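Shared chain: subunit A. Partners: subunit B in the first complex, subunit C in the second.
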Partner chain A sequence: MKRTALFVILAAGILALPLTAAKLQVVTTYPYIAKLTEHIGGAQVNVHALAGGQWDPHTIMAKPSFIAKLRRADLLIINGAQLEIGWLPPLLSQANNPKVNVGSQGMLDLSRAVKLIDVPDSVSRAHGDIHPDGNPHYYLNPDNMLPLAEAIAAKLERMDPAASQTFVENLAQFKLKWQAKLAEWEKRLAPLSGAWVIEYHKNYDYLLRRYGLQLLGTVELLPGIPPTSKHIQELENKIAGAKVRCILQDVYNPDEASRHLASKHDIPMIKLPHDVGAVREAEGLFSMFDEIVRRLSHE
Partner chain B sequence: MKAKRHLLRWFAILLAGGALLPGQDSGGNPFAQSKFVPDISLILDCAYLHRGLDDAAYFNLSLPGFSHAAGNGRAAELGGTNLEQGFNLNYAELSLASVVDPYFDLFAVLHFTEEGVSIEEAYFATRRLPAGLQVKGGRFLSHFGRINGQHDHYWDFASPPLVQSVFFGGNLAELGARLAWVAPLDIFLQLGVEVLQGGNEMSFGRRGFAAGAFSVADVRAPGLVVATAKTSFDLGNLTVLAGLSNAAGRSRQEPGLEGGGAAGAFAGNADVYGADLTLKYLFDSIRYLSFQAEAIGRASHGDRYLEASNESWTRLDERMRQAGMYAQLVGRLNKRLRLGARLDLIWKNIVRLAGDRQALPEDLARYTAMAEWNPTEFSRLRLQYAYDRSRCEEIGGRWERRPFDELALQVNITIGAHGAHAF
Partner chain C sequence: MSDILFSAFLLSVVLLGINSYFGLEIIRRGIIFTDLAIGQTAALGAAVSLFFFDGRLMYPISLLFALLAGLLISLVARRSNNLEAFIGLMYAFGFAAVYIILSKSYHGMEEFQKLMAADILFTPMKDITHTALLYAALGAFIWFVQRRTTGTLRDILFFVTFAVTVTSAVRLAGVLVLFSLLVGPALIATVIGRGIPLVNAWVIGTLVNVGAIALSYRFDFPTGYTIVFCNALLALLAVMLRRGGNSSPHH
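Moving on, here comes the complex of A and B:
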């Protein structure tokens, strides 16, 4: 009896597989890409983000469960610019899914849609764990969300032509709403133009450049290398000669050094989300930038 | 020997090519191929070792029922690194990897040591098979168990677990082919089957031998089949990974034929079973606590050839049932510091010669602790202490335990391509 029931359940499960597979299965490396894809794909796609927004995007733990997700994906959308190099390649090579391999139609590298800044002239790990293609945190310039959305829409249209009308409409709608928000954020951040800031890691450079903020230095010694007391002393000397508005700290790096600098020099330390889900308020793309703007402008 | 020289020449050509290629401007040379240089990395592993035992005394110890000292001043064939007192150059590992074409990937891992070059791995893997299938072929680390498929520098300790040493002599690395399938499920389920040559000297082995009037033929290759099943799922921030493995094959072992020793030779079949469990809890992006354990058992049956007197050999029916495990706890405290402890234990060591159970010690144990300092993910310093009470000396036909301390300071440095971290 029990065995029959089990068999029926199994058979039903197997029969149900093709039904659920009708929707385009999209896997994204980071949550912000998932949210953006949901805006464009709407009900036509199933989207799953591998990494959580509270984790360090450079060193995501390569869990085997990610392989299971990649195995069933029709489309994999990545940030690119080597942000995933420390964790994604072995997962991909074990997923045995030719649809999403590098070079396949079902793999979209979003970094191709934007212009990267800080491309190093010379590449040496004596300068820390640098990214030879340039700074990979480009999505924190909200302007970039528009070309990213276009790239995703173009890819979805190609992969599911039957639903292309929906994607085109969703894209137009998203762009309209986003442009309105861009105008609002621009207005709210305008007073900050020209202000000096410090950041822990070079996470927010695209955001800073977009709104005219100036970077005095990073708390970490070199990309990926924790601060030394000598480095902190040098940073303090710089702070003495400038009026620093705030210290930007991400949610995943240790914040003791930033805290120390903040209290010693009476500068506010601001925890900025680097991705959707990094802080409670940043539950979607719109709310993430709303929160970034709110925290940055001390509202 | 010829192959070795060939490899060295090939390496020299590669180095020369590498020196020319990266900086070259393709604008000047219409035939430039620098963009096609594969991912190359070199990993240096060396250590300073202090052991509370002279090398000569150490090399004279055995793991009864598993590995017998050859009595010629050489270490028992347990593989592993950090064999001698003082400085050890374990290897300079050259690894090359690249996409071949739309259909294949190629990987090669070569170990350069003071003795020469050995091919740790050199295999291709398919990129486009449908239905979640992948084939790989060449020489590769078997996916048996948890730790066997990883290169030494991914291990959390400077030495392999005792069960890896006694059953596989470090790693089970073989020539052969593997078919793997990943199930289309929400949880990770991977099944694999490997058909291998079966040359592993600790549990299998292919070469026949002559012992007095007895003559045993080579095993007809392929002589070894490995089957694996692995599954993994997440419970919040806890990741669970579990696996079952089996390696079954023919066995030919003749450690006692060359250097003397009481082990004699063995011809028969061996079945090695493994079960592994890993639990990893992430506190945040940086800190984690990881528990990992593997139990491995072996059942073998065949004929033992023993030298009764000079040039006169006897053949006895032999049945062995042996099992052991390791369990380790490793914590990452901050970006640079990791601490770990490991227990190694062989708890079952039953050998019956012609029905008579041999007097072999069980409860062979080793306790290891390590502290790691990682300036970056490309460099690592590891201090490791081990108290080893697994080895014995044969005195007048009886096994006497010879416990000793071991302290190792290991340095592991990587240059070149960024190796991604597997779970």
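Moving on, here comes the complex of A and C:
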């Protein structure tokens, strides 16, 4: 009896070995990409995100485990559009994993799957001082999750053809659920169309454009540069001439200037998640956008 | 993983070698924050290169700024009693000037952080070898030339070699890691007060860094900050727990 049990356990272990080993190891830079990849890859992939959802996505502090994860990876999926430029390149060169290097089969840049806004023209690019690829926060337009999901599914199918049926099915299922949600969010945000808002950093431009909200200005002077008194004065002059619905603040930038403007002009300041995990309620992709819509529409 | 941790360890050894000498010297002279002032002035040079020259000539401009800061400090050291205040304000000046310059540059701060926010975990072996060679040359210069000079010349040479060291070390390991490696082991060696302080600082610093790198790996802490944490904590404990009140080199 005992011997049989041992044999069964051993056999199960031997059978399970190639199955676990065959799982595709996927590393993503940000949590939202990890969640999306889990929706598509399901049980066929192991997914790890490097950055935490509460952190400033522009400057991620690296830890030893990042390199370990990158070394084990078969596939690295990044946001792209230079959002990772400040922290990923040295990690990649130290991890020295040819499978996931730039330009190789195991590296997927999601920004290629969508149309970016605020792309500078070639004239100003010659001055070398403007973000060359455009605004990198494209994933906060929920419409964009569909082409992103398709890009991830296509890549997974190519890297693990044996499981491609699963990926196709998961993609179809995700798209169905997401489209239902898109319709719901569209309905709930419709009343906000045309409203003026202010944001701290140009995090939410894609979201605002999608639902017809108008951006009056940013609290920070330039991306990464805190506001000056003259800039705040100009912003206040604009506020006086418009009916501003809310000030959008992310969770990682200092919010003193936004709070000051909010209390002085009696405008609500709303903290919006910029990634999965940025606020407690946004623990998944669906719940993140649910929470964004809830906070935006309820004030 | 071991190769990454080994290169971090190697870098800490390279940095410790020459910086323990400077650390003991700045503690003796009571000008602890010289390294921060020079490091920040080098950063100002980087910002100037970024804004006015599109990031070209960054290293030479940083070095020029650092040398200028070193020379100024050495000149003021000869004439004024307010040296520590001068050094502190130089740091504040450099910090503020960087912000002012980069406030006029679109995406300036991101560019700048990319250049300055070094982490000891990511230094390529090539940079470590280059720095080791540079420091070996500087060490030989200090031993064979600088040690035989006196007076103003000795001071100027001290601050010039220090400026060169700081400029390359900041690029490799960041301001904070450099500061902790510079002052931490040297302060513990000063507190011990027996044997050869320089050798004590080397041995202690190496042991602390090995421990810190192991801790950072075991608990997945950011490696640079773990090194700062361990060196600073042990130096603080050493000062608080030392027997007797007098730690001066006079026995």
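Everything that follows uses one rule, which is that the second predicted complex is superposed on the first by the 268 of 299 C-alpha atoms of A that agree within 3 Å, B and C clash if a C-alpha of one lies under 4 Å from a C-alpha of the other, contacts with A are read in each partner's own complex, and residues count from 1 in each chain.
Everything below uses one rule, namely that contacts are C-beta pairs under 8 Å (C-beta built on N, C-alpha and C of every residue); 3 or more make two chains touch, one makes a residue touch a chain.
Fair warning: this is a prediction, and the values are worked out from it, not measured in the lab.
Look at subunit A after the overlay: subunit B and subunit C clash there.
Counted by residues of subunit A touched, the larger count belongs to B, out of subunit B and subunit C. Once chain A of one complex is fitted onto chain A of the other, the partner contacts of A:56 are limited to subunit B, with no touch recorded for subunit C. Contacts of A:287 after superposition on the shared chain: neither subunit B nor subunit C is touched.
Using the contact criterion defined above for the overlaid structures, shared-chain residue A:101 touches subunit B, although it does not reach subunit C. In the superposition on chain A, A:297 makes contact with neither subunit B nor subunit C. Of the two partner chains placed by superposition, A:144 touches none, neither subunit B nor subunit C. Looking at the shared chain after the overlay, A:221 reaches subunit C, while subunit B stays out of its contact range.
Contacts of A:68 after superposition on the shared chain: both subunit B and subunit C are touched. In this superposition on chain A, the options for subunit B are 26-34, 188-196, 206-214 or 260-268, and subunit C clashes with just 188-196. Overlap of the subunit B and subunit C interfaces on subunit A: residues 59, 61-65, 67-68, 71, 85-86, 90, 93-94, 128-129, 224-225.
By the touch criterion given at the top, residues 58-59, 61-65, 67-68, 71, 85-86, 90-91, 93-94, 128-131, 221-225, 228 of subunit A touch subunit C in their complex. Only residues 17, 54-56, 59, 61-65, 67-68, 71-72, 82, 85-90, 93-98, 101-103, 125, 128-129, 224-226, 252-254 of subunit A touch subunit B when the two sit together in their complex.
Contact residues of subunit B toward subunit A in the complex are 99, 102, 105, 125, 127-130, 132-134, 180-190, 230, 232-234, 239, 241, 280, 282, 284-286, 288, 334-336, 375-378, 415, 418, 420-423.
By the touch rule above, subunit C contacts subunit A in their complex via residues 1, 4-5, 54-55, 102-103, 105-110, 113-114, 117, 119, 121-122, 124, 216-217, 220-223.
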